[in-house]
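By letter and in written order, the chains are A, B, C, D and E; residue numbering begins at 1 in each of them.
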Amino acid sequence: MLIYDTRYRSLTFQVIAALVLALSFWFLGNNLIQNLRAAGLNISYSFLGETSGYDINQVLIDYDSRSTHLRAAIVGILNTLLVAFFACITATIFGVIAGVLRLSNNWLVAKVMSVYVEIFRNIPVLIWIIIIFTIMTAVLPGPRAFRGDNATASMVLDLFAFTNRGIYIPSPHFESGLFDSAVQNWLLVIAFLVGSFFATRRVSAWATAKQEATGVRPSTFWINLAIWFVPVILLMLIMGLSWEVPALKGFNFAGGIKVGGPLIALWFALSIYTGAFIAENVRAGIQAISKGQTEAASALGLRPSRVMNLVVLPQALRVIIPPLISQYLNITKNSSLAIAVGYADITATLGGITLNQTGRAIECVLLLMLFYLTISLLISVVMNTYNNAVKLKER
Amino acid sequence: MSELAIEREIDRSKMQVSDEVAIQISGMNKWYGTFHVLRDIDLTVNRGERIVIAGPSGSGKSTLIRCLNALEEHQQGQIIVDGTELTSDLKNIDKIRSEVGMCFQHFNLFPHLTILENCTLAPIWVRKTPKKEAIERAMHFLEKVKIPDQANKYPGQLSGGQQQRVAIARSLCMKPRIMLFDEPTSALDPEMIKEVLDTMIELAEEGMTMLCVTHEMGFARQVANRVIFMDAGQIVEQNEPEEFFNNPKSERTKLFLSQILGH
Amino acid sequence: MSTELAFVRTEQIPPSPPPSSAIGPKKWIKDNLFSSIPNTILTIVTIWLIYTVLMVVVPWMANGVWNTSSLTECREVLQGKTGACFSVLSERWNQILYGFKYPVDSYWRPNTALILLAFAAAPVMFFDLPRKMLIFTAIYPFLAYWLIWGGTILGPLVALLGFVAGGFAFMRLSFKSFAAGFFGAIIAAFAVWIIGGGLIPETASENSLLAAVPSRDLGGFMLNLMLGVTCVSLSLPLGIALALGRQSNMPLIKGISVVFIEFVRGVPLITLLFVASVMLAYFFPPDSTVDLFLRVVIMITMFSAAYIAEVIRGGLAALPKGQYEAADSLGLDYPQAMRLIILPQALKISIPGIVNVAVGLFKDTTLVSVISMFDLVGMIRGPILASTEWNGVYWELLGFAAFLFFVVCYGISQYSQWLERRLATDHR
Amino acid sequence: ATAGTLDDVKARGKLNCGVTTGVVGFSAPNAEGVWEGFDVDVCRAVAAAVLGDSTAVEFVPTTPKTRFTALSAGEIDMLSRVTTWTLSRDADLKFTFVGVNYYDGQGFMVPQELGVSSAKELDGATVCIQTGTTTELNLADFFRSNNISYEPVPIETVAEAQQQYIAGSCDVFTTDASQLASTRATFENPSDHVILGDIISKEPLGPTVRHGDDEWADVVRWSYNALVAAEELGVTSANIGTLAESGSDNPEINRLLGKEGSMGEMLGLDADWAVRIISAVGNYGESFERNLGSQSAIGLARGLNALWTEGGLQYSPPVR
Amino acid sequence: MSELAIEREIDRSKMQVSDEVAIQISGMNKWYGTFHVLRDIDLTVNRGERIVIAGPSGSGKSTLIRCLNALEEHQQGQIIVDGTELTSDLKNIDKIRSEVGMCFQHFNLFPHLTILENCTLAPIWVRKTPKKEAIERAMHFLEKVKIPDQANKYPGQLSGGQQQRVAIARSLCMKPRIMLFDEPTSALDPEMIKEVLDTMIELAEEGMTMLCVTHEMGFARQVANRVIFMDAGQIVEQNEPEEFFNNPKSERTKLFLSQILGH
């Protein structure tokens, strides 16, 4: 018998597996075809080119109800990436602070941080999103409360308005920009910042060279500070920077930048929830570095801050970063809960309104999965590259 | 117990002990919580002295030498290292740590840095040595411990014996005036023990002040000026190695020696 | 080298108590709260923070009103004081726990099922308990199904008998070869199911002991618990199979497992639930209706199986290669080696990881509210907050939901930590 | 679950009927958890006709988003939930609307204090809408054609919309006017909110079944028509007993109540089908009054939904 | 190198070598990928022979004996074990594995099973022995390796030497006709080596066919009929122990012996 021969055994099993697989695919596919035929439906992606007919409240690119469903999907993708990006940043900040403080030798702070971690880790993120959204909508005042002589709410510093529809902050404008379009002016500012970045790199290279030559590392803090701020501020002044302060006009605040309630709820909830997990990773990463390493470094006479920077962190990061990256993936996936608060991410546009208005359930869900799969593949490529790059050399 | 080190012929005449005091401990007491680990320790070590500390497990040997460079703090008594008193003053601690090198049982090399970087790290950041000079000095000491060719490898790629020798070189790069060893060979395979002991003997020959917690009695016989026997947090006996081994005075020491030399 | 070095201590120094600076609460406070200036500032800020939070929460909780029948009434009772309207909890208690459609006179059924769950889970969670208790664990799913869904007892009974027959056939035949046992078991089980299913009279469920409850009527926290327990238990075997498949050296089987695992882990659970709610029905044979609960269970099970598979893969990888070789050299075949040598060890290592997946999954059961099932969150967001009486009580409801989840999840994660510690010492 | 829905339902002994997650007056569970409402009555009518038991209904709550998938996936046998009859739903989504049980149009509700009197004054307003509805699309059209801007707040259920609206995180709530009225009726102070006069669309709401099962469509269609016909003919739940017993002079009544002809058989039902419907839920008018009209908290006028004889649009094809 | 085993007096006359062939390897070649580990191996082992295989690290000793029970597959040549040819036929492999016992350097006991369960597992599941009989037999062999009293402990509770003896007993419970040992003592402390070697000598006395990779030259001298020296995947030299040690023929062997006996 074939399965008794090691050479053919695995082949036999694989053929059986292939048959079972093919059979189940055939079964599912056949059901699908039959069901679709019975319902008079067919699979087609042409709806993507049709007019969407609905409006979206947060768009990063030009979009209105005459745009296509495809464009609505792209709006959604950008919104997903937007909230995921900001949530990754803030979650990392929360996580690192909480993780490090949890190891603090201040007992009270350490305990408070463990309470934070335990509370946030053990309650579903959906509940957090809803709670924060509820704070946004039910606790903050509506724009109406700012109106009239006996207004019950007022703007913070006359610059920021915290309303139940979102937070309005002043937006910068250039009066006498060097270019006509605002975008180009901003690109110039960004170009300056990029320039500053490279300049600080040069400064630290210079400091390192100096240290290598003389042994003393010159302090670069003030130089860097100047490099970061002076050119940009000068540029902005030249271009006539002015702030547009949000003001109540009609039903809503107008002017300034609006950060919508759903965005804030989602962003904040994802950050603070994932932050708790990241805190655990950070703590585990630091604890994974044996006490011997710290002792050896101290015994060599290194100061605590240097022990941290030169010995503990470089090693801890190798432990921390891989789980950190999977937390980023989790954030991206969890951002699909946007649907619970009406944030217009990809799940809400393509997987929500488009799906419902066109009835193209199968197509929309497939596209949706494709999008998330692509993201997760990209993230795992990044992770593998990183892991290979920092792997500790062993025998 | 490996007696390999004995094979090496050494020139005791080279090893000088001066009258200058390197370490002075008086009336030192330490507690872990309510547990009294070190009791009334009095010890004076002269410059150039090589002291071996022995004693049963848990007797406080490690704790004692870890107090000497402030890895542990003591609660009572005085420790003066190289003229500087160990207090909670951070400046003093820093000063003492840069004078005192330490080798751990598990080497504690930094696995993310090459051997060379391990050796230059502290000189560059603590002593503010220019990098070139630091590298030269590191190579010098790596040659001394006979592994200059491994300089660009990572600790994980070296054998245990080689790693311990790197650890010694790393300490030496700080030009310490005193070296502390905490069971430097007990995590090693027998062949590797010899490599490390050889390196330590060489150091001894150059007149380095050394405190060494070890059970390598061959090493003790060969290089120590003094053997200190600790039990239950106290120094129970101290003597020259020959006297100590051949003619132990206290009951506790006799028992310990009979166990340790017995098999 | 002088002999004056020689020194012998003749009498022991007795241990003395440490100086007052080395112990006691004073030292503790100094070391742990005020060891440096930044630490002192941190401590003060933290104390102030805790104080502010308590000043808000404590009066709110303490003034809580427990027995009014609507928000307006509650506000009247409070007369402008801060205070919680916990009466929404007492008034809607049943809905929060059981959803709004589960027959009230049958609440004892899920309650009993929950209590019995403790007995069924105990031998799995605590290794010291007698192994005999596992028999009850094996019966439990069928019993619980019958208790919760009701209807004729014959259904679960036949299902159970099928498994028993399968197990029996397996024990008989697997002595010859695993394949024979495996397929024999499947055939035996199906035979029992088909014959048994045919024997159940059409009308059996009408005059049964327990009235049938359709799964659409399940809701509230009960639904979360049920989804959690069902999906985790179902995903275990699937996860094991996937983990073994991923370890396999057969490219096709490995490929299928890898694609499945990576696919499922790459998409959010929400999209899988969408699949369950809008797509899955198309993949079932025409004329068959599979109710939403089952479809959701299928998707969540797949989801957690992929995660569990990764955990178990870690456990398998942690086993030294020598264990496989030793099993081989003794002549054990693959199924025997897996069942007797590899899996018992790998699973034990993986338990904490599996528990973590279970906690995550249990939290994720709240997502079913997005596809309009009335789980705890769905109940709160839908019927309760929408009702005229309770429109506007957020904190009490959301806080209670958070509390329920916290209690369960924190409990499980404490258990998992206990287990981890225990396994660490256990692994001799 | 495509062909033979009628047989499926009979075999199952229960009708799966898709309703809203709770719109008082149309479909919402009362305090005892029993579903009530104008749309619910249609479900009960069908159940009464097919199964002889108006309580043999499994009500499946659906959101605007989930309703169509639930129907096309066969999870429900019919949808009776304020659903607008549109061409694309008919031709593209493949549903059959069996009639119009409520002629409606899209309206706006705003808080009194805003002082808005016309929809055209809503420039810049934040608007709560339910996603997956015609409302959403009409709204986009309306604002664009009037060249004014707005900010949509997409929401899934009326309940949520209500919360957001009350909390003031949207200025306006828009949906079918009848739903606005029903929503307003549940508010603490209904008079603080006005429903604007503007009706910006036609929303014929009706029970829906899948394409491709005409027998079933007929059953649902005529169960509904029976309600209207009964009102036209003056058959009420009060006189149905006597009429069913002794018959009537009007042959049409007799045909409807199974005294003459074999209408029931033609539908695949028995002769008493309509009798059961009327006894269970009354006629169209009774159901309207009970759930939406003056007897209810909502207090809607019949308006377009009056019988054609009274100037409305409700008109039953002849039972013949 | 521990020569402890020599202290034991053994009765060589008991150890019989018959003419029957137990293992026949001819023209066997094996590659790992493109790396040629075993080159043209020809070897005949008679029933009752005790063969010691020595050679430098990486020479392919382990690979050779692992080929004999198909833990590794060979790509060329023929291996006949106990009359059954090792092919890719699983039935043959199963047959051979139940005839051939194997002891590993790291014992590879199953840590989740008691000693007794370790020993009865294979007889019950592979040989289909009734449980009672399997237990009796296991106890018999555990007595033989002198640890019957540990039967209900777990492997983790035993010392290394005891564990290795359990591993031997576990193999013996399958009543193998041939035993393979891959450096069975190299993971053990010196005292424990003796225990295990004693057990192996006893086995040898009973006439078990044995192939043993070991560097215990005392053991080789005492019990082996033949010593095989491997280098770079080839059998370089084979001879009786006395001849092999006193009068090695090839240069490679001489070098190896000088290293191994040197220290």
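A few points about this structure:
Keep this in mind: a residue touches a chain if its C-beta (ideal position, glycine included) is under 8 Å from a C-beta of that chain, and two chains touch if they have at least 3 such contacts.
None of the values given here were measured: they were computed from a predicted structure.
The chains in contact with subunit A as well as with subunit C are B, D, E.
Traced through touching neighbours, the fewest hops from subunit A to subunit E number 1.
More C-beta pairs in contact connect the chains of A-B than those of the other pair, out of A-B and C-E. Ranked by distance of CA centroids from subunit A, the top chain is E.
Taking the mean of each chain's C-alpha atoms as its centre, the chain lying closest to the overall protein C-alpha centroid is C. A rotation of 165° superposes the C-alpha trace of subunit B on that of subunit E, rounded to the nearest 5.
Farthest from subunit B, judged by the mean position of CA atoms in each chain, is D.
The distance from the centre of subunit D to the centre of subunit E, each centre being the mean of the chain's C-alpha atoms, comes to 85 Å.
Centre-to-centre spacing of subunit A and subunit D amounts to 43 Å, using the average Cα coordinate of each chain. Mean C-alpha position of subunit B lies 53 Å from that of subunit C. Shown for subunit D are the residues in touch with two or more other chains, namely 2, 65, 69, 163. Among all residues of subunit A, those that touch two or more other chains are 3, 35, 38, 138, 355, 361.
By the definition of touch given earlier, these chain pairs are in contact: A-B, A-C, A-D, A-E, B-C, C-D, C-E.
The part of subunit C that touches subunit E in the complex is made up of residues 175, 320, 322-323, 325-326, 328-333, 336, 340-341, 344-345, 348, 427-428. Chain contact summary for the complex, subunit E toward subunit A: residues 73, 88-91, 93. Here subunit A touches subunit D in the complex through residues 35, 38-41, 53-57, 64-66, 136-138, 141-145, 164-165, 249-252, 254, 261, 342, 344, 348, 352-353, 355-359, 361, going by the rule given at the top. Taken together, the subunit C residues at the contact with subunit B in this complex read 1, 3, 5-10, 12-13, 15-19, 21-23. Taken in their complex, subunit D has these residues touching subunit A: 2-3, 64-65, 68-69, 72, 92-94, 111, 113-114, 122-126, 131-132, 136-137, 139-141, 143-144, 150-155, 163-164, 167-171, 210-212.
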